[in-house]
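As structure tokens, here come the structures.
Next come two complexes built around subunit A: one with subunit B, the other with subunit C.
== the complex of A and B ==
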């Protein structure tokens, strides 16, 4: 009996040991078919692609690594960001100036990379502000907003900023038609008085400087999205429009009446000819251009007062309408420039136009009708083919460079892969949930890098741990290198992402700035050495020239500040090494902190409200003595005689 | 009983096989060796500079070095007194010139690998010597300036 018991015990032990003995790695072993290994980027290693994803109604732009889906940076563009002092520091406040004054927010939509010969070159990325029409240019050596230009005569800058093959122009089409010039009239005079402006913003190839080169005044429809042609169609830009019904109320029903709306094809080379011939009107228009001066390290605003306008009826061959069913949303041109995909969001089929056929129809004057001097080409003369019953609610299409197109379907919540030439459907994968935009690295260029597809979803519902009524926005990563798409990863995004761009890391990473050289810093309030630190009073204005280096401020004791003063702290980070930012914050400051990169100068306005001693400190952990990086300011009553002095001992 | 023994040995085998693996993962005990006596005038430190030939002081170079020193170093160093970092008067009498240049050009590695630099880091409360990304030329001119500080 005892032996039996012992044996039982022994075998129980054995079983226990054999199980516990199994090394843990075997249990969670990654097999070759496991998708985890395909998105896993080892600690310390880099991702293969940068993904530049719109921040939607956050107004910003976010940078992710692919395939890991790791968030690397949020670039403040149209909204204030107290973490980075964007829109709070004296240097960046001008960036958010508009003809309406300072605006702290916008709704940012479509990132678009600059291109050389139809391929993203990694110099700049552009993004549109939708609400108060603007376009921003972000410098991809610093990942900072370098310029923002306001778009006049626009009423909702949605069909932008799509770029031409060699970054000659980014376009900015208006979603809302408005009276041009603006005037106080009854809304129900829409049909007579409202126009849609399509703007072409030139890009200086040297420094990227933007200028509204010209606008085309189009019939008062809603211009929704755009894409430039490429290769054989490089001289053209295509804009979708809906509401060709020209309704101004209950668009949900009223703007969905007609079988077909249009894709407007604009020949921008022709526009340049007309401009040269002087066939434009100069219209008064008030708008601002804000730009970052790299030498002075601060932004400036410049006011503009007129714009050149082309009227299609005066400019034959400038614009053609391509009839497209039904309220087309995205318009996407394949890498060869031949196929123009109209994503008719209320249509059960998708129309694909042929550029070659379009040119023939123009030559043979195959016009259905003419609207305000714009010929409407015959639908069946320009059609390359129809993708039959691909899904419900097509919105956007990107390409993989292997002859395939990928279209998102919002209502049926899926991505559908189809053959651009044969229009045959090859694969479909569900999205969780309600996909809007999609991105393939280089997927709207002449040479897509393919490999991955990112779907940007409008609804996440049960995909993540809930966080109250407001849930995270989301992207999903698919592997598209094989015949079938494979879902690899969900990752959260910021704001509601509208479109994204993807580019191999090696086109951006080598140019990434590590720090600013002090000797090239020509900020009017820079100090280049600690012994230049000082405090100057000019009436009620006090300028504090502060130096910051691990781990002290110079000066760190300041006296003689009075209630009612406007104190400007100009903080220069005297470090000359990578990843040594210093922060600066002062008690009671009613704006934000400063976050100053090495070699940079930033300024914070502080208006002391009451007498006392007020501390300031470095907010960014900079060294083992970071907690010692602090100082005091003595504030005296308004009329006191406290002498201005400062020290560092 | 034979069965029992057999099972016992199997048990022991499994136990050992299992435990034996763990044994391998054990880290070897840290060996502590008393730091060697270092001659600060001979220690060259770690960095891009391996050797230097010094001749008579080049006044022009020292003047340039003074400017470089003021532009890049004075936020933490004074000539006559200890500040964030040590006073630099007489530094060339306390340290090998190669060590000085390596400390300027390669401070992150120096404070990790060089005993003298490590000791300085502790003495100055952990205030790191900032890498100001100077060129060898700039560092050389600063060294020349240091040679005049006696």
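== the complex of A and C ==
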């Protein structure tokens, strides 16, 4: 009996030792097998969400699947892309035209999905170009840039393109104030001469066409970010600003002096009333609108010459300033439209304003002061509450639709979850490293799909295998369905993942175009059948109407081209099947290749420099005889008498 | 209506299905075509699941030197609908005849039509599968590309599956019903 007891005791001790020998789990680490299965999407299966992530200084927009983090496509928007001939083909070159001429790059920051009743509808995504102020619209049936409009009177299009509840407007606030209209004056006359323009770009509900509907000329601060109200606050758009000090040099110090800067609340319904009453000024302004004509399959530029401007001092009740500590960065409105979160990036606390209180304060004229005709509301009359000591360097907040807010902290490199009503902090998780924006699918809309959170980081340091001094940029995926956030995945991104939008796949996938119908292709240089292929000379211009179909070009032997000619290859992909693109490249082309989708026509300009025989070939591995998909062009000296002829034998 | 005539009427209706549904369906399966490519053979046309299917099949077939399928060049599609209408009219006419074996003639007509159809379809498939362009890029010695009449068969990377469609089953039922109609009618006419 005793021996039995002893043995039992001994085995119990052993078990105890075995368990206590296990190393304590590392902080923040979670069981890898469990997590892997939650981001694993089986080969051949689809992700649950599309994540549309901007490329920052790459000027592009990329599409990822969530939860896998797999890169699906890079959409060229503001930057030329020789892979897709974007900005190189004759069809897409006009897309990058501006009043400054052709601009092959921009800094693209904030994607914003079109909305119906405050919920992303999957029709279009808009994105801003910061540097040469522009807004692009991308069609989510083709994932191609459909339109780019230049923003006049703007110095840097950062607080843009945030959208109103039913896609009435996207806004475009200027980060840098400038003289309006532009003039040659000393920089140190900033305070007297510089203004900030907040633009409202209307969106045609049918085809998405953009137009600068009106601008509001604001005091010369730096208008940093924006978000539209929703529900009860749907008629308002909120813009943060820093540099209310109105400094023009060493801003890191000089623009960080005041305790409070502002959130500007703009009543756009009121603006519409003033426009109707004719209370606007028409100012001369030069800007371009570039649009893709779906029928002609090419982009066109249209020059505009004026803009309607509203001056706040002439338009009472149009703008109010909400004092907000301290150089607020993001301004985020919760799904109910009641709470307006000012992410005061240099403040140790976070101020949350109440829309109800704001309206009350406006009614009771609780004004601290007035700046250029804009009433400044009393801070303590509009405040809903303060999130105390949440972290360092708050930048952006999104919501999960269950009453929780998630804020990123750049300096303390973390995401913090807090209760929107009580302002109580519920959880915090580290980010690797220095997180900027965050994205919850629909997290800035009325109905977030609050399952995942993507943190977009500014620095990666040791997180991936190093690739020399320039390291990959990255995003991180968290599961937010439980009480505590859980880090699931790191994934590398294209360019700087600045901001993103997320949407359930089923709102986009069924509408995705598989190929373009040849009968709907009305490109001026289309051929719909191989026997329409031909070569035409018009003086020094030669137009080659080339057909591409598995696995040949028609024609594939061309003679009679001369040095000094401008040869336009108009290549029509005659295929009518899913996923059969053809490429086209010709030796010595000083622009790019072409990548032509089935049913599409694209044109490449080629200027032969010396006589000889030059091959061309298909660059997209299209079929078993792709390598044979090639041809020759004979180039003769300038004054030769070689006859123009073409063939396919 | 007497049972015999009822079956004959059913048989005629089943023949009518040929104008509403395809007779036969050939599906090609390959890794690159996860949903397969389907061709439907009607009494009056050959068509794909969408307007481009035929074009896409013809593109694939040109590598092995098969002639493009051009529905307009197949004469059967022009006269077969009239033949079917003819048989249906004869069926209706037979109902007014008092001759005991009249429905046997009707059944025989359909059976002859079926045999003709099978033979014709086989020959057409044989011709397409064997009559290859000698300059085809892909030539596999000894290989022919005749799809099966019924059932499935590998043709290089494609698995070709050939099965009757609703119209085809309708034709089968038409034969069955016409024979049943003959049998019952024979009895009924004896009793009369």
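Rule of thumb we're sticking to: the second predicted complex is superposed on the first by the 616 of 649 C-alpha atoms of A that agree within 3 Å, B and C clash if a C-alpha of one lies under 4 Å from a C-alpha of the other, contacts with A are read in each partner's own complex, and residues count from 1 in each chain.
We adopt the following convention: a residue touches a chain if its C-beta (ideal position, glycine included) is under 8 Å from a C-beta of that chain, and two chains touch if they have at least 3 such contacts.
All of these numbers come straight from a predicted model, not from anything done at the bench.
When the two structures are aligned on the shared chain, A:166 is found in touch with neither subunit B nor subunit C. Contact with both subunit B and subunit C is seen for A:576 once the two complexes are overlaid on the shared chain.
After overlaying the two complexes on the shared chain, residue contacts for A:530 are found with subunit B alone; subunit C is out of touch. Between subunit B and subunit C, it is B that contacts the larger number of residues in subunit A.
Look at A:547: by the touch rule set out above, it reaches subunit B but stays clear of subunit C. Residues 549-550, 575-577, 623-625 of subunit A lie in contact with subunit B in one complex and with subunit C in the other. Remark: subunit B residues 1, 3-4, 7-8, 10-11, 14-15, 17-18, 21, 70-72, 74-76, 84, 125-128, 130-134 touch subunit A in the complex.
For subunit C in complex with subunit A, the touching residues are 52, 55-56, 59, 63, 137-138.
The touching residues of subunit A, when paired with subunit C in their complex, are 549-550, 575-577, 623-625, 628.
Considering their complex, residues 3, 6-7, 10-11, 13-14, 17-18, 20-21, 23, 515, 518, 528-531, 547, 549-552, 554, 574-577, 580, 623-625 of subunit A touch subunit B.
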